[in-house]
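Structures incoming, each one as structure tokens.
Here subunit A shows up in two complexes: once beside subunit B, once beside subunit C.
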Partner chain A sequence: MSVLCAIPLFLSLCMSVLAFLLKGDKRFEKIGLLGFAGLVVSSGALLYYSAMNGLLILEIGGWRMPYGISMQVDVFSATINFFISILGLCAYMFSLDEIKEKRSRAGYYSAMFTLFAGANGVLLTGDLFNMYVWVEVLVVSSFLLLSMGQNKKQIKGALPYVLLNFLGSMFILSSIGLIYGLTGALNFAQISLLMDGLGIGPSATFGALFLAGFGIKCAIFPLFFWLPESYHRPPAAVSAFFAGVVTKVGVCALFKVYGLLFYKHMEVFQGALIWIGVFTMVSGVIGAVALYDVRRVLSYHIISQIGYMIFGLGLFGAKAWAASIFFIVHNILAKSNLFFIGAEMNRLGGSYNLQKTRGLYNFYPLISLLFFISAFSLTGIPPFSGFWGKLGLVEAGFEANEYLASSFALLVGLLTTYSMVKIWILGFWETPKSEKCRGPKNKYQMKRIVPIFILSMLSLYIGLWPEMLLSLSKQGSEQLLRPKLYQEQILGGVR
Partner chain B sequence: MEVMLTLVSGILFACGVFCLLDGHFIKVVFGSIILSNAVNLLFFAMGRVDRDTPAFIGRGEVLQAANPLSSAAVLTSIVIGFSLTAFIIALMFRAHEQLSSLEVNEVVKEESK
Partner chain C sequence: MGTLIIKVASKYLIAIILLYSLFMFFRGHNYPGGGFIGGLAAATAWSMYGIVYKASGIIQERLEPSKISAFGLLVILISGVVGLGSHTFFKGVWFKVGPVKLGTPLLFDAGVYLVVFGAVVNIVSYFEESFKWK
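For the complex of A and B:
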């Protein structure tokens, strides 16, 4: 079954070529939907097999393991990959309505598929240099999607994004180069084996370079300033899968790199990671407090949620990592869905600005309900999905005696609630003041409401019945934290 | 040989960072080009450089072989760096057309208006 590892990647690359050939063609709509459905099915199968059988390994071109490029799929990567594909399907459906002909002629769908190919590649590859290449694929397609349309605002948002991401890639590449120089290996398992024999110095250096590189890409504390400048500018579908894919893949890469390569000297990073996490959450959530533009509020909340993940990464233990994985999945669903709903608020209520769009609940109860589910999932109110992730993280924080940092995590949860309640009260609950907002002018559209509905229901599902995802994330974190077993499984046949 | 390459790469890093910190976007572009070359050179030096040794040897020959992997990887990263640079330059061209200035501070000021 190991050939399954390559199928999501292969499928999205093929679809990207097809999308480019048929750009602006109406016939592509159904083919693309089929492509994303195929992506969901194949990632689902991959998740099923990796959860059943443990590690799946594919040696590309039949080259033996430490020499050739391989794909190695653990439960963690497969889980994230599966949920990213679901998000892809929903974002595609949403784009069908939102993206106008001009953009689709410019190759929007092609770039979207390439972006997912890049994300699949980063998650599923077992080779460090190959991972860099997929990161670049991901990043270049995100540049394209961000600056497509080329109006003044988008160019301004794209400038810092492109330059900082370029810098981040350079950090990652130089770290990979130095690792290669020291160990002579690029395969994760072999580097992991060889790093065991080295002292604390190399781990600290390379880990710090990776943290800087991926930190820029996923917007951690001192490096996040580009995110609120650029994420609210493109169409909502793009913002949604940027929020769900691009930043989250950066976080996942950090988990993989730290879990597999630098686990032995994790104590060097732990304190720094925990406090970077705390600062990230606090600065993100405070940035959002004073804003009234829905998209900007949500952009700042991306940063604050990334903080929780980095906090979990820093706690470094099976329990904390399981909670982080759960949190990442929850965030992929809830956060992206909020961007979709933000776009609907704009379409139905007339503006992204909360001071203009008011009282949507009076005319659009369904979308209000869906917003309620996603927003309160994000804040972590008990029956919803965010609760389980935050509970696990804070619990693990208390167990690790990080009382101060954990209480910050709780406090940030409160401020997140404040922001979401602000959107809820102003945007949905209040009676509309101006004449403009009175009366339902616009109707729901199937292509927009269906993806929002799917994501909300999924988010509700993992909130009410979290056992399945909890056990998956537990399995994933345990697999990541047993590098010895991992090395044996991969290199066992070689030595 | 490796020492020299590493030193050169270090100097290029310094120049690249210096240019990146400049207040004009064109200089930032130059900085990013220099930086990407610095990283490529670093990667190349890390693969250990051999002169006059072939990368591929026949079966049974007891020659020392050079390491082809680092060259292959550097080739890939050169191509990626080149495409990124091309994108950045195209973006700068659009920015030049649409914004009044390419000074970083001016762009930020225009933003806050």
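For the complex of A and C:
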């Protein structure tokens, strides 16, 4: 069954080539849908087998483990991979209606599948340099998606993103180079084994370099300013895809790297990570509270949610990491869905600006209900999915005696609620004044409402019945935090 | 760049460079060389033809270079699937055709050759168009 490890990656690369050869062709629409459905199925199967067996390993090309490149799939990667492929399916459906022919002729779908291949590669690979290569694949195709409209505003937004990401890649690459120079290994398990014998110095250096590199990519505290500039400009499907895939993959890579490679000297990073997390949440949410453009509010919320994940990473313990994994999954679903709904608010109500789009509830109750579910999932109101993640994080924070940081997490939750309530009251709840009452102008579109519906229902499902995801994230975090077992499982036959 | 000297010289040069690129491509299995360098050399010959005879537009229309790249990627992926018989991707499989041994690594390299060739020709022809080289 270990062949499954590479199937999602391989499938998305094949679909990317096919999309390129058939670009601008109407016939591709169904093939692409089939491709994403295949991705969901294969990632689901991968998740099932990795949850059953613990760890799946595939040696690419049949080369033995520490020498050749291998795919190593643990429960954590498989879980995230499964949920981003669901998001991919939804984003694809949404873009079938949203993306105009000019963009699809320019290779939009091909770039989307390549981005997906990059994300799959980062999550599933077991080789540090290979991970860097997939990060580059992901980042280059995301440049393409960001700048595809070729209007001046988009290029202006994309430029800082491009430059900063190159800087981040450089940090990551130099760290990998140093690790290779010091240990002579690139396989995660082997590096993990060899790092055990080294002192605190190398771990601290490499960990800091990785934090800077992936920190730029996932927009942590001092490095986040590119995100609100670039994320709200492209079409909503792209923004949603970015919010759910690109930034989250950066966070997941950090979890994997810290859990497997630098776990022995985690106390060096803990304080820094926790406070970077807190600053990230606070600065993100303050931006969101001040703004009235739905897309920009959501972009700032991405930053604030990344803060929670980094906070969880810094708490470093099976409980905190399980909560973080749960939180990442919840965020992939709820946050991206809000971008879709934001685009619907624009289409149905006429503008992204809350001062213009008002009182949608009077004409569009369904979309209002779906917004309600996603928005209050994001804020962490009890029956919804965000509650479990935040509860776990804050609990773990109190247990680790980080009272001040945890209270900040709670305060940020309150401000998140405020900014979501702002959108809810102004955009949906308010009764339009009689002279401005225009009646419903636009109709729902199947291709747009179905993905929103799927994501909302999934988000609702993991809120109401969280047991399954909780046990998966618990299993994933325990696996990440037991690198000794990991080393034995992978290198057992070699040593 | 349409002087007589260059026109005559390029005819011979293009043939030599193309042969050289094939030589590099086949040499690559055991020695320095391979698909990447071979593709670069072939792209040099191709762009030389385009610049000297101002024919890049025609090349673009007849054979879209970006599609060559995509096709090359497809070849690479196919070479990955062949090894699935032994339960992993990109496993080397070798066939004997007379005295010559052919295998999936060669197919993979051919894919790389096409990807690099297409990409470089594409980039060069964009430059030619935007700078109007003479």
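Points worth noting:
The rule we apply is simple: the second predicted complex is superposed on the first by the 490 of 495 C-alpha atoms of A that agree within 3 Å, B and C clash if a C-alpha of one lies under 4 Å from a C-alpha of the other, contacts with A are read in each partner's own complex, and residues count from 1 in each chain.
Methods note: a residue touches a chain if its C-beta (ideal position, glycine included) is under 8 Å from a C-beta of that chain, and two chains touch if they have at least 3 such contacts.
Model, not experiment: these values are computed from the prediction.
In the superposition on chain A, contact of A:162 is made with subunit B only, not with subunit C.
Of the two partner chains placed by superposition, only subunit B is touched by A:152; subunit C is not. Contacts of A:62 after superposition: subunit C is touched, whereas subunit B is not reached. Once the two complexes are overlaid on the shared chain, A:401 sits clear of subunit B and of subunit C alike. Of the two partner chains, subunit B is the only one that A:133 touches; subunit C does not reach it. Touch counts on subunit A: comparing subunit C and subunit B, the chain ahead is B. Applying the stated contact rule after C-alpha superposition, one finds that A:10 touches subunit C and leaves subunit B untouched. Overlaid on A, the two complexes show subunit B and subunit C touching no common residue of subunit A. Every residue of subunit A that touches subunit C in the complex is listed here, in rising order: 2-3, 6, 10, 13-14, 16-17, 20-21, 58-62. Contact residues on subunit B toward subunit A in their complex (touch as defined above): 20, 25, 28, 32, 35-36, 39, 42-43, 45-48, 69-70, 73, 76-77, 80, 83-84, 87-88, 91, 94-95, 98-99, 107, 111. Those residues of subunit C lying in contact with subunit A across their complex are 66-67, 70-71, 73-74, 77, 80-81, 83-84, 86-92. For subunit A in complex with subunit B, the residues that touch the partner chain are 129, 132-133, 136, 140, 143-144, 147, 150-152, 155-156, 158-159, 162-163, 166-167, 169-170, 173-174, 176-178, 180-181, 186.
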